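Letters A, B, C and D name the chains as they come in the text, with residue numbers starting at 1 for each one.
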């Protein structure tokens, strides 16, 4: 019997962490064949070339699709999605997958969802049902309504996908594959490499012996104008704290310009002797870095998910993650240097929080592969009410 | 104060009937400026060139976008949508509308929804919340999750849009603008033109004095293979009935090929002396034709909506309209010549059904324009649960 | 040593005849690997689905690209080319060919030429240097200026490619591969199949025993408006002659609409009891049909090329082939029923013309494959003057 | 009588200088209406936002088209062109110009040429016939074969366009509009503004009183790999000379990455106290800067054209301008720091060269507008031989 062909489309660096253990489980499953498509910012140098990590991890890339339109504005985001549909349709037409898998909620993942669902290819969606409150949320729920199978990451997400009228038989709380990586890291959490030597980056190389903070703050799509002001509040706070700061560059998004320009201008103006800037890091190394840090600052979903499992303190800034389920490791603050500083000090004065399984217990990848192998293939559905 | 710019995108002939009275009301509203974009099959000859009717009705077309990819297969439908996004984004970028309006649930309307929502332009959706059970339904609910305002056409639709987690403050049951046209026609319902002379078409010209049937049957997207078989059942039934049959060509859809080929082949093989085939008809004339007919056969939503208000008997074939709210005028049948014939005879033996306001009372256009003029402009939203 | 990868892009039915023997020679060459991309109208049913013949002939299709935009107008032709570039670039990026081969001069072949030359992939052009005087000629010479290697089909073409400033070391008069097919057919020219049974089509089935004429007339791109008038002159002439007429449907081109509509309307109006209409025919069968016919009428380049070698009388109508090198088998006429009838009678009164090698001697495919295997790979060039 | 509509498409910062005086002359011509389309890198921040200068100069932008695909590789260049065709076709369809004007030879100008010529809109090409020897040259001559009118800039270019088979009646040596700007500047050449204050940039602010050099070096498309090595030779030479260096960032091109990365890395490694880096400058200011400089180093065509008229010494590096007609102001060198230094010293030891009219006498803009107003409109052509 021929293997079921599972086509996974990865369009951005963060999505790779959210699917990596599932990719491995699909690849190793006797009844599945993995078709891996890498597209959009996952191919681009200035967003960390996820494709290089993917290949280094031993996955063969079946097709590459360059579809990011320049402009770093909202028009470009829409057009990137349009080009994605145009080209992914051809890719699917030539690969004839049995199931297509799309990940999370970035604007361009909609391209995968539309191509597959319009072509009557059963569509599985990883990480539906979460709540964030901006364009990401529109995209996520919109994909849910196109998808046939839902592999959600928390109880809250499960409830919301049902609320959206999906058939309970096709909604599965598998937990998030990113937690699988975190579980793996916890088995051997030592920071056993020289981050400066391995990852370069710019800025001074502060000594990490006495603790350090990690920052990762992305622009918020629908607030383009204020991206720069937002990032400056964080920059001021981290300058003030005078402890080592390892800062990660934001991933591509409409509005990246405000954030990037803000950081660049700040660097020219101020002496940031306690800062080091990285473009990106292998997921495993990044998790080790977090485990050994004093905490993560910014608005990355890693703070909400992986850090919950890892028990790492998090200062979550602004609205980007506002309604995601969370463990006890998170302090939420506004775009405000004072609030950030206050939270930094509060975390410093408490022991680290315990591990939480709110986003899964470390076996999501395997569960997803098993479901993909055994699901009844279908693509007709109607609202359940 | 400058007028609020309302950009309406029309992509297909049937959508024009669903928006026409709203277009007129927007155009005539002192606080609104109409930007009219005509795209996709609404520009194409072989789908009835809706653009010609639009211009003849006195609406100025602001921009045209040709984006239908050939193939009449599902891949082409996806790619048509991708090209639509690519180009509509440029159009919106150049027109800077305050609100974009997208209509109904055809696959390519998703392009309008994505371009507008990704560009942070408030998006109004006409006719969300309906239930049909195939790709149209996926598309419709997916657009609901991208849209900021919802102008629904029935109580059932209203309830379902709320069920999908939309904020009740932004969901309005305006009724359907197509009912406005029907209401207009009922004021002067006489068939006061020679349909053969005015609309040409092919086939014999059966005498309509003693009654006639109207057929409009579209292919069902996700059942490409069987389109031909489906249409043949209807063809056989209508051949059998030996009464005048006025048959309307299907609109563009993946699968049109099976339907069209089926009709063409049938014509070559059988003597269809009671049939006349039309490509299309001005909406007003079409409604008059229905009012004076013995009934409508097929799977057009006109049978469910306008015919409810007009009190015209309908034989609704197959699954395309399966879960739409309906009046008492509809008999549902399978793709089966015997069932169709049975229903024809049943309708003939009963008086016409009374008018129903299930899809609105005839003032939808005006209500939509008033809402567009007065709504608070926004584009942030989150799931309500 | 790894084989040299030769990527051939076929975008239309007629192009397949122009490359078929070269495809076979590439496929069988020990140092070459064939990558076959089928795109545009070569994939579409209503232009004869060349892809089916290609696969039936034993060639494996490496990738398919649907890129024909509907509209059958000039805007659609341009946009089809744009989509072609977008998608072929991805295909080339994923296939990494050593040489790309583009064929002839249809508008969409420019997409192949641009993608390859912009990506620094050496580009070989089949059939440059010919003269036709409309958009095809602009396209053809424009491709010549992008191409690195030129495989031309006649002495006249050779001289013109040099005239355009190309380096003589990279211009080769190989003859046309279509002549190879003709040479093959001449070895066994009997019409050994029932054309009506094998190819269906519509119209009566005139008896071919006492001779018949073949018609193939394409719209001329830059004269959209008059396409219908043009085709009617031919229709009237062929109706008048009252001999069996086998008529082939035109291939896709901006303006096809005028020609197709013209034919359809004529059929409805007149009794064409001596006509049979075909959509298409396998190249070999078509050549046999020509060899046994009284002659070919229309503006197909087959009349100029293959018919020269086959010694088949041709009536060439209008400007489409106006400056192509030709043998003694051609009478040129205007779009005028009288001139066409006069030429028909003139041909009938003379013996068939002798075979001419003006477009090659029957070994073009093999010569092209050998050149592709041995050419020095390069893509820098400058005008030679 | 309605005015003739002239649609000019500007896709990059350098093209604006090459057309600016013609734009003004078209705008002011009583029989012409200017339709100005700004696209591609001319809209992007990181390539100098030419659109801002265009609007500041008082030209109204009729439509904007974002079409630059990210990647800064050759695939992206091809795809950018494809998207350009797709969208410009819609723009032309909606604007209905009488003539379209395309400028020079950058890869994406081909999009303008294809859209216009395929849509039967007469196409005028500015600056055909020049010789540069890489992809630019392929593009330029390829556009010549699509264009109907040729406004060339030198006698050599005129001869080569004729050589390519164009009809002499439609080839006009108008000179280059960029020379018009240079002529204007020569009337008042004083450097009357503070360049650091007006244009910001990064690096030290060397004193310009005792002379300075200007550097502008673009990557060479078909030599992606070595871009970085090339730029380093220039960087070393200019570091060595220890005189003020004003360095301009390269414009977008496949390969920009190598050049940009090279510059950035060099800055991090070496103390460049005599360097200042600019993103861009208004054309007029740039010409003033050149007139007052000791010379221009790099491979910009400004060195070949404007500097000839201005009598500014130039060191032209590498192959990018290798066969362009030139005045006596140019020393050609290889990518080699020693050769560059030798040339710098040779220029320093000689008086400045005299003004040359090899690229026109300063009235090109007016001549082009007059031709556009009076040319017979046509779009049929054939090779002249």
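Quick note on the criterion: a contact is a pair of C-beta atoms (placed from the backbone, for glycine too) under 8 Å apart; a residue touches a chain by one contact, two chains touch by 3 or more.
Each chain and its UniProt protein: A, B, C, D = UDP-N-acetylglucosamine 2-epimerase.
What you see is a predicted model; the values in this text were computed from it and never measured.
Asks: Does B-C or B-D have more contacting C-beta pairs?
Replies: Answer to which pair has more contacts is B-C.
Asks: So what's the Cα centroid distance for chain B and chain D, whole Å?
Replies: Result: the chain centres lie 51 Å from each other.
Asks: Cα centroid separation between chain B and chain C, in whole Å?
Replies: 41
Asks: Which chain A residues touch at least two other chains?
Replies: Those would be 66, 75, 79, 83, 86-87, 90, 93.
Asks: If every chain is a node and every touching pair an edge, decide which shape results: line, ring, star, complete or other.
Replies: Graph shape, chains as nodes and touching pairs as edges: complete.
Asks: Chain B touches which residues of chain C in the complex?
Replies: Chain C reaches chain B through residues 43-45, 66-73, 75-76, 79, 83, 202, 257, 268.
Asks: In the complex formed with chain C, which residues of chain A make contact?
Replies: So the residues of chain A touching chain C come out as 63-66, 83, 86-87, 90-91, 93-94.
Asks: Could you pull out which chain B residues touch chain A in their complex?
Replies: 74-75, 77-79, 81-87, 89-90, 92-93, 107, 110-111, 114-115, 117-120, 131-135, 137-139, 141-146, 159-160, 163-165, 222, 323, 379-383, 385
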